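One chain, subunit A, appears in both complexes that follow, with subunit B as partner in the first and subunit C in the second.
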Partner chain A sequence: MAARAFQRLPSAPAGRILVLRLVAIVLSLFIIAGVLALSGHSPVTLAELILRSTLGSRFGLEDLALFMCPLLLTGAAVTVCGTIGLWNIGAEGQFYAGAIAATGVALGLHGPAFVLLPVMTIAGILGGMAWITVPTLARAYAGVNEIITTLLLNFIASLLTYYLTTGPWRDRISGAQVSTQRLPVAIPEMWGIVHWGFPVAIVIVIALALVLSRTRWGYEIRIGGANPEAARYAGIPVRLRIISVMLLSGGLAGLAGMFEVAGTVHRLQGGMANNFGYLGIVVAVLARGSCLNVIPAALLMALILDSGIVMQTQQLSASVVLAITGLILFMIAIGDELAHYRPVASTTPKGKAS
Partner chain B sequence: MNKQSTPPGVAPGTPPVLQLRGIGKFFPGVIANKDVDLDVWPGEIHALLGENGAGKSTLMNVVTGIYQPEEGEIILDGYGQTFTSPQEAIRAGIGMVHQHFKLVQAFTVAENIHLGWDEAPRIASPAVMEARTREISERFGFPVRPDARVCDLSAGEQQRVEILRVLARKARLLIMDEPTAVLTPEETGELFRALKAFRAQGNAVIIISHKLDEVMEISDRVSILRGGRKIGTFNTADCNPSMLAATMVGRDIVRRNMRARPEGAAPIAPDPVMQLRNVSVRDDRGVDTLRDVSLDLHGGEILGIAGVAGNGQRELTHVLTGLMARTSGEILLDGNLVERADPALFVQAGVGHIPEDRLRSALAPSLSVTTNMALREYPYPPIGTHGLYDAQAAGVLAGDIAELAQVTIPDFAMPIRNLSGGNQQRLVARREIRIASRVLVAAYPARGLDIGAIATMLGYLTDLRDQGVAVVFISEDLEDLLNVSDRIGVMFHGRLMSVIDAEAADMATIGLLMGGRDAADTQPGATQ
Partner chain C sequence: MIALLTGMLATAVLAGGVLALAALGEVLAERVGVTNLGVEGLMALGAVTAVMTVSSVPSPWVGLLVAGLVGAAGGMVFAFGAVVMRANQVLCGLATTFMGLGLSTALGHNYAGQPVTTTFGHVSVPVLSSIPVIGPALFGQNILIVPIYVLLPALVHFVMFRTRHGLNMRAVGENPAAADAAGIPVMAMRFWYVTIGGAMAGLAGGYLTLTYVPVWSEGMVAGRGWIALALVIFAGYRPIIVTLSALLFGLVTALSFVGQAHNWPIDPAFLNMLPYLGTMAFIIVPVVVWHRMRRVMAAPAALAQPYYRDVR
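Presenting the complex of A and B:
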């Protein structure tokens, strides 16, 4: 029998994970370059173009920030929920619910922006919370699996958006398809087309990291997620904590929807969530349960999305972009797993090996 | 050594099915088995009895090839054997049915029987497998429905599948780990009938059990393990439950009086700090796990709770710490009725709790040492002020606890599961002692510790007593119980049989009580 040369450890040091992730990304870029070269594209030209249109230019950076903004919030939404051991797969739906609520306020009320915007923000947060309320109560009081319930509500929210944008709220002014009219108010811009939602999202993520590590509530959430039995033993009201965390999670995703509708798109549109909710799950997985890690994870995801758009302008189909995203994430997952292994110092003398 | 000649009913010259000679198995810092000799003859049901941690499971894992022993030999039918895997053991005719079944829930009974079996036909339709299963089931007298899915079966039916799976592979020695733990009384009766039929064909059974009355009913001989060593093998006919209980727990007891109070120690408080009045608990299956228990806890006193594991100790612990709601009866804290079971209320009242399965229920293994040490004091200053959590203050607390517990911790930010089990246990004990200003409920606090650490742990308990805290000390170890307790209560079938004065208590009385005999039958003077 061959002696095992590697041993799997239950926890992997952060440094090793980082190194292996970088290796994974570089390797996947090589694979992508190889495939592109075989299909007649020039990887070098393409890489140059992508770099120039993302990190290498002001417009690229602005686009990156706009992509990051919703990803930060949906990633934080999934991470917060994960801290207590639950999966919010419904950030997509809560995103729509927040966007719908904010749009409703903007279309229904009239007033100056400094009044409307705060009301829209609150409406967006409440919309996201409302969308996760049923899964929350079902989880807390009946033990219903939140993965299924939050996921299914995504489809309802998405279809509701289509209904509103083609029905009662359709654009009667410019006749845009599957869209409301342009909202009368917008989140002010801060830098080029980047609106103030972006720095606010960053601040929120940092604040969440502090809340989780520096408050009693955060402590209770962490204990509840790591071992519910120990939480009960310590007298922590686990059910109440589940409710508060899930509502917070829904509120964050709802806020992402409000920012998107009021800061970036300026209209409610069918399909506008653009998978930001689902990509929030990816961001959370990349962040490995740490709120602060959500920032670099969202940046990586935004880079991938942005590069995808550039590639689409070069006659590469959207599914190629999706495949590339999948490949990079797959390689990162392998890197994460490999980080758990460490070589075992062999104790058997070399001559003995059969 | 108890070398035995061929027992009656076995042809002279027949070797035992299984002979163990001087088996030793060691884990880092723990002697799991040492010098264990065991003979199991054809046509016998052999019970293996012992406390938790006595080494029964390790020994059976050695016999079935899961572990390799460091010392000693395994002899089958007179020939020495070494097993490097469970597959080799089953090929040699040794089959084990574990307490937690190892069946594929989504497969049918027939599929489970044939899974990983080298005699299974290469190409087998469900009909063929079901026919084969039916034939096996009839041959061994364990009725099963071959086409049923395992997830639709009751625990008793699943166990039959598990047994059949072993028997189909021609096991001649069947090892069963606590087989009746999940069964209803009717199912237990059926199992025992089937085991007797199996024995009648000249096969052997080793049955691991805690339930003394069942051991008396089913077994021909009993071997008792304690502290990893075999204490003796007895003919069941010569035994009774009380004697078994006493042998199981009572090593040669060295009585050291740790009841004496030093100068300045708090006296026993006249008014009880906590009282249970006729408390009963019924579990989800409708079984009364705690029956009509009344007791008073006084500050400055250690109340020992003795009894064979699984007789209501867990429920008593949980009721005393607010983790489990009572079905009837009253709980009073300082004379005030406790309305609802809420662990937070009990913590606030100064009730500490070292739970039995502390590594599972008192710690969050993936979180840091510091985070875990703050579990009891995080809501209070200096860690918790104005709803905040002061990580620095928590770090100071963790450092204090680790120092008192004499555990060296290289990095307080590392997950607590990186520490050894013994160290985790010491930390939990110290953490709980810190908050136990009124009552400490300690369930098996010494389990798994080495002798030096046990003495330290008992010292913690007497120190708390001297500070005027009421200590409830639940243990299987009568020596420890007798040495530190002021009074000893004995649990049997969820009932608190009797509370006796530890100084006057003797092994015989406690043994009888643990076997379910009323104290009134034995020693009228010593009751209450």
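Presenting the complex of A and C:
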């Protein structure tokens, strides 16, 4: 055992976290390269191919923006919930609920796009909010663990989507499987296939960052998350704040579903949430509770998804992306913890031998 | 009516076995203060490796053993992050689930959709299986039912509440600092019980593909790991209650089968929602109806808190 000792700091310095996260990501990439090499793929050619077809091509960049759009919103959804100390693991289900509500409006109402799109947007937000209502009330009034309740609703939402897309709303025109017909309206495109939902999502994330850091409501949320007892003592209605934050979180994820169905996929399909809800958790972790950081975090996550498309063309299954994401998340969790340690003189009696 | 009841109970016991194994493993991990949200992923890994193993070694026991070992290895990976490195348990658990689900799909690519032929066969214990209603369910299905529902929970209950080791174990989950001061190896205790919990999640996955649903397909674990986590909370971290609630839960699953078999006028998609809706009701309703529930069934005090000897 070396004679170095370490002391744990209560909060980790940002610079140290950044360094350790880079180390964690590089280590993960090495592990992935090793596994790929063992299974007979050349990691170097694969990396070249990925770089060329994601950042180095117009289509790659367009896909990147399309992946970022839902990730920005689901990432923000998990982040705002995390501000008050709660985990919304159900963004996947709220995403479906938003998509279902928006599709219902598009299929059921008739009118010009400039009327339908706002109504669909509101329906999407309300759908996401409705989907998180039960976990919200159970958390606020009975203290029921929100991780499990939000998560279970994901399965129900996905079954409901399956039911609608194979039953009452199934495609009767082109006969696509597990899908509705093409929606009559779409969010207009602004750059290639990238629709206007993308800049709107960025604006929303920035606005949320301002609301959380500059308003009284945001302040109360942050205090409620940091120290609920102190917040209650200071007269902050913590229960009401929990309800408002969780509903906001559900609404954001629902909006992501509406953007995806009206801007990218153009129909409600089984499996269309594409793990965006779960990956939103990863984005939120990468963002470390700051809404502004959600933007670079969503970019990184979108890059991983984008490279997943390339991997599928190389006979690697799409699920590899999920495993890679898990590995990176795992390494970053460890890196974040290690960032709390500071080397101290070895004679310190309170020091912990390494 | 008796036939329907017998059939339903048999399905309930069969379906609940998956949850009973996984949930009992999670009770062990949570009692020493570690929430392992990776159960879903470890179950998927166990399920797929069991299928892969029996396709080359035609013995269900070997398949189950490999599933358990893979689960234990996955549990160790999680424990390395969450216990040894003391990283955030929620993150490590989610990461384990992502890795497990992704890896299992990649590994099982060539096995997907092929029926598993080597499974635990039908056994019926001579006299016991002829007891009306419960006989066929408990003693007329496969050889794993009695160990899962009787032997394992009894063993865990005995160790946890009747031995000094069990007292130490619970002390680690309630107050690790005091346990440490009393000379109990907190880290070792946590590491090994999380590993055993992982092994049981792997076994649950193996049980799933070797008895109940003998075919591998992506997403076949279908949230059973999360349901097991919810059952642990519902059962107040008690081994025998958790096993009984897994059985109760199996009944909910059986109900959706019965509904489909008897052509109830409900779409199968809604019947398939029953287990998830049931779980929601399980963990919300008791707390709302009976307020003291939360105190009686309280979680171990140090649950999900990493232990630092030098930071109190």
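Convention: the second predicted complex is superposed on the first by the 339 of 354 C-alpha atoms of A that agree within 3 Å, B and C clash if a C-alpha of one lies under 4 Å from a C-alpha of the other, contacts with A are read in each partner's own complex, and residues count from 1 in each chain.
FYI, contacts are C-beta pairs under 8 Å (C-beta built on N, C-alpha and C of every residue); 3 or more make two chains touch, one makes a residue touch a chain.
All values derive from a computational prediction rather than experimental measurement.
Overlap between subunit B and subunit C is detected when the two structures are superposed via subunit A.
Using the contact criterion defined above for the overlaid structures, shared-chain residue A:S213 touches subunit B, although it does not reach subunit C.
In the superposition on chain A, A:V134 makes contact with subunit C only, not with subunit B. Contacts of A:I147 after superposition on the shared chain: subunit C is touched, whereas subunit B is not. In the superposition on chain A, A:S11 makes contact with subunit B only, not with subunit C. Within the superposed three-chain model, A:T325 lies in touch with subunit C and out of touch with subunit B [touch as defined at top]. Between subunit B and subunit C, it is C that contacts the larger number of residues in subunit A.
Once chain A of one complex is fitted onto chain A of the other, the partner contacts of A:V178 are absent, as it touches neither subunit B nor subunit C. By the touch criterion defined above, A:Y162 lies against subunit C but remains apart from subunit B after alignment on the C-alpha atoms of chain A. Contacts of A:I281 after superposition: subunit C is touched, whereas subunit B is not reached. In the superposed model, A:E229 lies in contact with subunit B only, and not with subunit C. Within subunit A, the residues touching subunit B in one complex and subunit C in the other are 10. Taken in their complex, subunit B has these residues touching subunit A: 322-323, 342-347, 353, 355, 360-367, 371, 374-376, 378-379, 384, 387-391, 415, 417-418.
By the touch rule above, subunit A contacts subunit C in their complex via residues 7-8, 10, 87, 89, 134, 138, 141-145, 147-149, 151-156, 159-160, 162-163, 166-167, 278, 281, 285, 316-317, 319-327, 329-330, 332-334, 336-338, 350-352. Interface residues of subunit C, counted against subunit A in their complex, comprise 37, 41, 77, 81, 85-88, 90-92, 94-106, 109, 218, 222-223, 226-227, 229-230, 233, 267, 269-270, 272-273, 276-277, 279-280, 283-284, 287-288, 294, 306, 308-311. Against subunit B, the residues of subunit A that register as touching in their complex are 10-11, 213-220, 222-223, 226-227, 229-237.
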